[in-house]
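Heads up, the next two complexes both have chain A, just with different partners, chain B and then chain C.
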Partner chain A sequence: MALDIVKLGFSLAGILIMLLLPPYLDGIARRVKARLQYRRGPPLMQTWYDLQKLFALPSVRPTKSALFTWAPYIALASAISAALLLPYGNVVPVDFGFNLVVFFYVILMVSVALMFAGLSVQNAFSHLGSAREMQIVLTVEPLIAVLYGVLAYNAGSLNIADIIANLHATPSVILTYILLAYALYVESGFVPFDIAEAEQEVIGGPLTEYSGRLLGVFYYAIHIKRFTLLWFFVSLLTLPWLGPIGTPGRAALALALQFILTVSFYPVIAALEATNARLRIDQVVKMNTRAFFAGIIILAMAFMGW
Partner chain B sequence: MVGTKDLEAHFEFECKACEDGRCSKADVESILAERKGLKDFYEAFKEHIRECKRMTYGQYMFVIDREVLPEAVLWWHNHPKFKETHMSTAVGTDERPLNGHFAYMPFLNVQVEPFKMDENYWVFLKVYTPADDPSFPSVAAKLPAALWIEREVKDLLGFKPVGHPDPRRLILPEDFPDGVYPLRKDMDYRHSPITEPRTEYRETPEGTTLVPMGPVHAGVEEPAHFRLFVKGEKIVDVDYRGFYSHRGIEKTGEGRLTYNQVLFLAERICGICGYQHSVSYAMAVERLADVEIPDRARYIRTLLLELERIHNHLLWVGIAAHLVGYDTGFMHAWRIREPVMWLVERLTGNRKQYGMNIVGGVRRDLLDYRKEEVLKVVKEIREGTKKFLDIALNTNTFIKRAEGVGILPYKVAKAYSVLGPTARASGRKIDARLDQATKTAMAYHEVDFKVPVYKEGDVLARVLVRMDELFESLWIVEQLIDQMPDGDIFTPIGNLPEYQEALGFTEAHRGEVVHYVMTGEKNKVYRWKVRAPTYNNLPAVPEMLKGYHVADAPIIIASIDPCYSCTERVQFVDVETGKVKVLTEAEFNELSIKYKGVF
Partner chain C sequence: MEYALGAFIIGGLLGFIKDYKASVKASSFMALIGSLALLGEVYNVYTNGPERLNLYRIPLHITATSNVFLLILGIVGTAASLYAISYMDIFERTGKGWVYAIAYNTFLASMALVVTVNSMEYFVMSWELMTLSSFILVFFSEKARDVGASVKYYITMHFLDTIPLFLALGTAYSLVGSFEKLSFDNIATALASAPAHTKIVFGGLLLIAFMAKAGIVPFQFWVAETYRAAPTSVSAVMAGAMEKVTLYGLIALVWKLVGTTYLLGIAIALLGATTLTVGTLYALRETNAKRLLAYHSIGQMGYIWLGIGIGMALIPKGGALAAIGALGAFAGLFHALNHAIFKGSLFLSAGAVEYRTGTVELEELGGLGRQMKWTALAALFASLAIAGVPPFNGFISKWLIYVAGYQSKDFLLAFGALLAVFISAATLASFVKFYGTQFGGEMKRYKEVREVPGTMLLGQWILAGLTLLIGVFPGTVTGILNVFNAPIKDGVYRIGFGSVLFSPVLFIVLVAVIAVGFYLSFRPEYGKEATPWDCGTTALNEDEYRVSSEGYYIKYEEKIGSFYRFSDWFYMIGEGIIRYIVRGYMWIASYFVKIVDTPYTRIETLDDLRRGRVLNADEEALKPLIRFLRIACDVLPGIRLGTFVVIALIVVGAVIGILMAL
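The block that comes next holds the complex of A and B.
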């Protein structure tokens, strides 16, 4: 039974990280951006304070549609379930058959919830935002699917833990990492890809009509989604190359590495955000399409065994 | 029809001297010989010209028959040799107490040669209409530059532009009662708003959806209502409704305040280009009083005008960056800008609304030891801006959003009389600092600077024009400090001649600002007309928006550097109750007496 306690412990640590860390990561990003702009910046807790305040406020409901109320919770549930499918140390809290496919869909559900939330109200800006979100999803998801395909083919499995265990370095995998970094960055909706929620253009897009608790839940879901995508990337980057992780000690080391890398990637993302302007949707669609074709070539390379 | 005889009867002003060219008895031949083009115009419209005179240096007025008004305006605007001539705006005046007529007067900035202030001049085309039929053939039907001003005189004075393509309300609110015209001298103040407000929006074209940008929108700093008709994300057509910050400043200035009090009101027209308005107004009155203001005062004015331009351009480029999501650019631009604000606070006592001007000079001298400080700040700004531009113009995503977006072709710019950096980015060679005789109030003719002109006409060109201009302004400031003459800073004005007209103008950061002043009795202002550059630039924005993305709309709108409060000067609406409340003449007089001597 000792092993089970270790597994439980790692799962618990994972759940704690996944629930508590994301707003802090945003806090780091805000601080880094502020420093790049020669500002002092808010405390690291600021995003938590913001969420706390939003959770305490009632929401204005401009529509009777139940979707409007449910969408934030669906988004949050999806983001959390996605995070549970990832390895923390060597433990995947929810581990089954081909959970890479499930991961793909559950992450997608956050965007879908956001899209439907925007469409559930009568507001031109919400609709525009939803339409943009849809265009981004429609162009970036095929790319991600292809890249997952490369990984799955390379490792011979659709299970995230198996993929991590069996991945071997080939040129196609290295190229996949590069494209995956791009694709996940786009999917996370950081500047210059925050087009759907562009404040100055569509005043928040799908979030336009949201306020109070519901808005807070949406924000929380989005933070967790961003964390999840980054954690996934970091896991792919580190775990396959650490060798067999048998003992709890090595697993703890792996978890620490994941944690440190995630936290240290965030300032890089923040710096990218701070030094870019927002792109326009047609420009992003064009970029994504190009990346998709590059992805296809990589897939072909993978099939050839490179 | 107004006959010549009717007019002559009312033009027996005690003019200072006929040689001055200011009165109807002056020698027409010699006046017309002063500048190129005047004679040709006189020959072309001989039968319809009732009077011609020189109002002041470089400002000529023709009183013409109203039937030929469009032809006369177009004759100048489309002059084959004077390419950059444009219709600046127009003034409507209720002159019934004087001569029983309404007067409508478009005026043009005639550019014989760009940047030669002693050759170019202003032409005023005045039309008298009988009191019972204030109609005139619409110029706007043929020249879009007149679209707004004709709607304005229709709203405020009850004129009828016959054949106007878009005769909806422009300035007055939707619930303003019919038949009440605020700028008429016999305006009855007791009217209440009508209970059922009438909105006059354009129908949404078939197959498009409406995206309402405004009246309050995160991408537009002040209230303005752009109704974008879109297909998907593409803008097909645009309807504009603005004038939500209409304050009735012109009416306030007329007849009640003294000419020096109006000056301080003028400075409060705008929070950014306040000093430009104040100088323009002062210049107009100084022209009327025919005084020469001391050199030192001219230099101090020019210095402050340029410092204002510097901080405005930095402010603008920051906002432009913010609107495309480039917040780092925004923060840095404003950080670089801040020392200018501190500097002018040192020089004048205020960050904005300097309160430095007075008709006839300036109120505070520039202390000599402050010169060092000015030079230090200029150096700082130059270095900071260079670094900033180096980074911003190398930010791929920023360029991608600005390049090829919101293109305004030269022809459209000219047809709408677009002004300032917006016009210069579209290839128009205009700059009121050098184009017209600013030498009576400012010192631009004594310093050396270039006027940057770009041909692309897109948002990026507007950014570059402004940034080039910024460096020129820094250079001007350095020269001014270097050449600053000694002497007085103020000339007393004395009494103003009655019922005389003149124009004051400066090149504000957004384009040419004009203040038309007609004096009344006892040193009061009979008619004061302000035209901020945004008034000419904004009608062209729908043209820039068509065919681009909704995402581009904020940056395109901002690219003209719109200033709504400047544009929407002219009626009091009590915001709290929503009732139209206008101070009575007695209340106004009380206010004037109460604050007498304060200014």
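The block that comes next holds the complex of A and C.
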């Protein structure tokens, strides 16, 4: 039973990290952006304060649609479920399908909920935002599919545990990491890829009609989604090279490494966000199509054994 | 089985009730009984094993493979027939209940026969019956555009299905040597010792026939218009069941009889991958709900062929790869069942919208979510299922196809799998549009619309409920489906292959607990109600304050425009060929119509022909004689003696001349 207690401990740590850290990460990003613009910036807790305030406010109701009410909660549940599917140390809190495709689809459900939420209101701006969100998914998904192909071929399985255990370093894997970082960055909807929610153009896209608590739930879901994608990348980046993680001590080390890397990646993301302007949707489509063909070349390399 | 066929026959006969509504309702009801009997048969075969029987002297052999297809047919038939009881009312003005009754019941019965007969002869015959009855159903509405579509469908089927099938029948005859002994077992024995080129000819002919009927890529041009033209409940059966019958042909005839090689499997898989890409990307830019669904049928058939192709390519290799191949084939078959369920459901939803609003143009629809709550929810379930969102059934089968493709260690198959993943996103995109444009928002134009009648809702919900049920408990159907003995792991709560597992029950419980938990602890509080924010515009048509169905992905479509141009080119070739064949038919047909008497009349469509008076062949043959007699009658009374003498002299001279010549 000792092992189970360890497992429980890691799961709890994971759940705490996954629930509490994401708004802090946003706080870090805001601070970094402010510093780049020679401002002092808000405290790290600021995103938490914002969420707290939103949760305390009632929502304005533009439609009686039940989908409108339920979409934020489904988005949040999907984001949390996806986060629970990732390894914290070497422990997966809830293993309902520890493989690449399931993970990707569960995280995609956040976008699905967002899109249907936007479409449930009679508002051209939120429809436009939903359609844009979909177009981004449409261009990112083939790219991610190719990269999964490389990982699956390299490790011989789609199971993430097998990939962690069997991945071997080849040039194609290194290139895959680069493209995967790009793909996940786009998928997270950071600037310059925040086209769907573009505040200044389509007044928040699918979120246009949301306010108060429901908006807070959606924001929380989006923060968790971003955290999850980053944690996924960091896990794939670190865990295969740490060797077998047998003891709780090594697992704690792995978890610490994951945590530190996640936190330290965020300033980089913030710097990218602060120094870029939003792209147009057709530019994103073009970039991602190119990345897709690059991915196919990488896949061919992987099959040739490089 | 005999009960099912009996019910279909009674259903057909019930069409002779005079009253349109009564005949349509009664025959749809009998079709429902027949479909339920088919399901009973499925259960019977599943528990007692394969069954051989002789039905009205037709030899039947219900194997485990047939059983899968009977299950598909039973489920779709049940839901669609139940739905048709109310739905067919909208065609009342055609007033031809008996046509529908006979054709619909024949259609279902012929499909049941195709997947169960054990004789090449009866297979071809039932196949032709299926094509003919579906053709009649397609032009049932008798609108000009629909008739055109149905003619195109029939002629395409004629050239690409009937001819190859009859040639294949001839090949089989030459192998076995007797029409009475053309059972599949005998053909298999004969083929075993046949030379390789005979096998290639036989398999190739069958493959062309099945590809054409399934709408696999070079032959996809007939699908969209045909499914649009048919009454929606029939489209549901066509997309749900008729397409799957071709898959039965592929498995039972091509694979099991002729055998498979790695190359054939790769070819099938690549055809599937191409088809799923082309079909779905065409669907993406479609704005007519039924045409959109039809293009998705093409696309989803591509998924199924990809799965079966993986099986056909890898099973001959043996070892660990054979296990992955079996997984692929199983996933393909599973997807066939799932596709039948969600595509049937989607067609029924589109039909429900048509029933209440009279249109399936996405451009005109909108805001039905509140008026037609249950239809909207069914459409949402089925949309998520076809887009492969967990925990619906489409996800499970697609996911197994991806697993098989990715782990196949084969570049082409992995490429097929990644195209499948990509197209899954395109499917999602297209169904976000499908759902959003019809049910999203609120429109004043459709304020008065009500929910559809109970039987129609029930028909939709049988299928929509199954998408969730099978998605959460795939174990309910994997027993029937696993005819390839794929080493899948399926317990009560998880399904998968090797270490790649997914537990839909755990997933849905997790999501539900978190969502409901958050909902209960942070209940949404609503302050005031407000109309959607429109930036303070004063004169705004609120119904049009949205994104039109064309505008959804316009930027994306522009960027992949070269793909469309390239595929259009292929499309044009196929359609061009069929157009010239249709022209040829029209040219022949024009000689049976009075129009030829008027010079310079162009005959291009059936409508041009309809304007003329129809002539019958026997009438035509006797026409010169009748014309002569008429002239004689006109001329004789006014004849003068001199003329008469001259005519008589000519006749006598002619007679003498003939006699001398002899």
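The rule is short, and it goes like this: the second predicted complex is superposed on the first by the 303 of 306 C-alpha atoms of A that agree within 3 Å, B and C clash if a C-alpha of one lies under 4 Å from a C-alpha of the other, contacts with A are read in each partner's own complex, and residues count from 1 in each chain.
Note that in this section a contact is a pair of C-beta atoms (placed from the backbone, for glycine too) under 8 Å apart; a residue touches a chain by one contact, two chains touch by 3 or more.
Because the structure is a prediction, the values reported are computed rather than measured.
Participant: After superposition on the shared chain, which partner residues are touched by A:38: those of chain B (first), chain C (second), both, or neither?
Facilitator: So A:38 only meets chain B here.
Participant: I'd like to know which partner A:192 touches here: chain B for first, chain C for second, both or neither.
Facilitator: The answer is first: A:192 touches chain B but not chain C.
Participant: Looking at the overlay, does A:9 come into contact with chain B only (first), chain C only (second), both, or neither?
Facilitator: Neither partner.
Participant: When the two structures are overlaid on chain A, which partner does A:116 contact: first (chain B), second (chain C), both, or neither?
Facilitator: second
Participant: Where does A:131 make contact in the superposed view: on chain B (first), on chain C (second), on both, or on neither?
Facilitator: It touches chain B and chain C both.
Participant: Considering only touches as defined above, state whether A:102 meets chain B (first), chain C (second), both or neither.
Facilitator: In the superposition, A:102 touches chain C alone.
Participant: Tell me which touches more residues of chain A here: chain C or chain B.
Facilitator: C
Participant: Per the contact definition in the header, classify A:267: touching chain B only (first), chain C only (second), both, or neither.
Facilitator: neither
Participant: Taking the superposition as given, does A:200 touch the first partner, chain B, the second, chain C, both, or neither?
Facilitator: first
Participant: Just to be sure I read the superposition right, which of the two partners does A:281 touch: chain B = first, chain C = second, or both, or neither?
Facilitator: both
Participant: Once the two structures are superposed, pull the chain A residues common to the chain B and chain C interfaces.
Facilitator: 124-125, 128, 131, 203, 281-282
Participant: Provide the residue numbers of chain B that touch chain A in the complex, in ascending order.
Facilitator: My answer: residues 209-212, 217-219, 232-233, 321-329, 331-332, 335, 391, 395-398, 400-401, 549-554.
Participant: Show me the residue ranges of chain C that touch chain A in the complex, using the header's touch definition.
Facilitator: By the definition above, chain C touches chain A via 366-367, 369-370, 380, 384, 387-390, 395, 399, 402-403, 406-407, 409, 411, 414-415, 417-419, 421-422, 424-426, 428-429, 432-433, 435-436, 440-443, 494, 496, 498-504, 506-507, 510-512, 514-516, 518-519, 522, 524-534, 542, 545-547, 551-553, 555-556, 558-560.
Participant: Using the touch rule from the top, collect the residues of chain A that touch chain B in their complex.
Facilitator: It is residues 33, 36-39, 124-125, 128, 131-132, 191-192, 194-195, 198-203, 274-283 of chain A that touch chain B.
Participant: Mind pulling up the chain A residues that touch chain C in the complex?
Facilitator: Those in contact with chain C are residues 55, 57-65, 67, 69-70, 73-74, 76-78, 80-81, 84, 94-99, 101-102, 105-106, 108-109, 112, 115-116, 119-128, 130-131, 134-135, 137-139, 141-142, 144-146, 148-149, 152-153, 156-159, 161-162, 203, 208-209, 212-214, 217, 281-282, 285-286, 289, 296, 299-300, 303.
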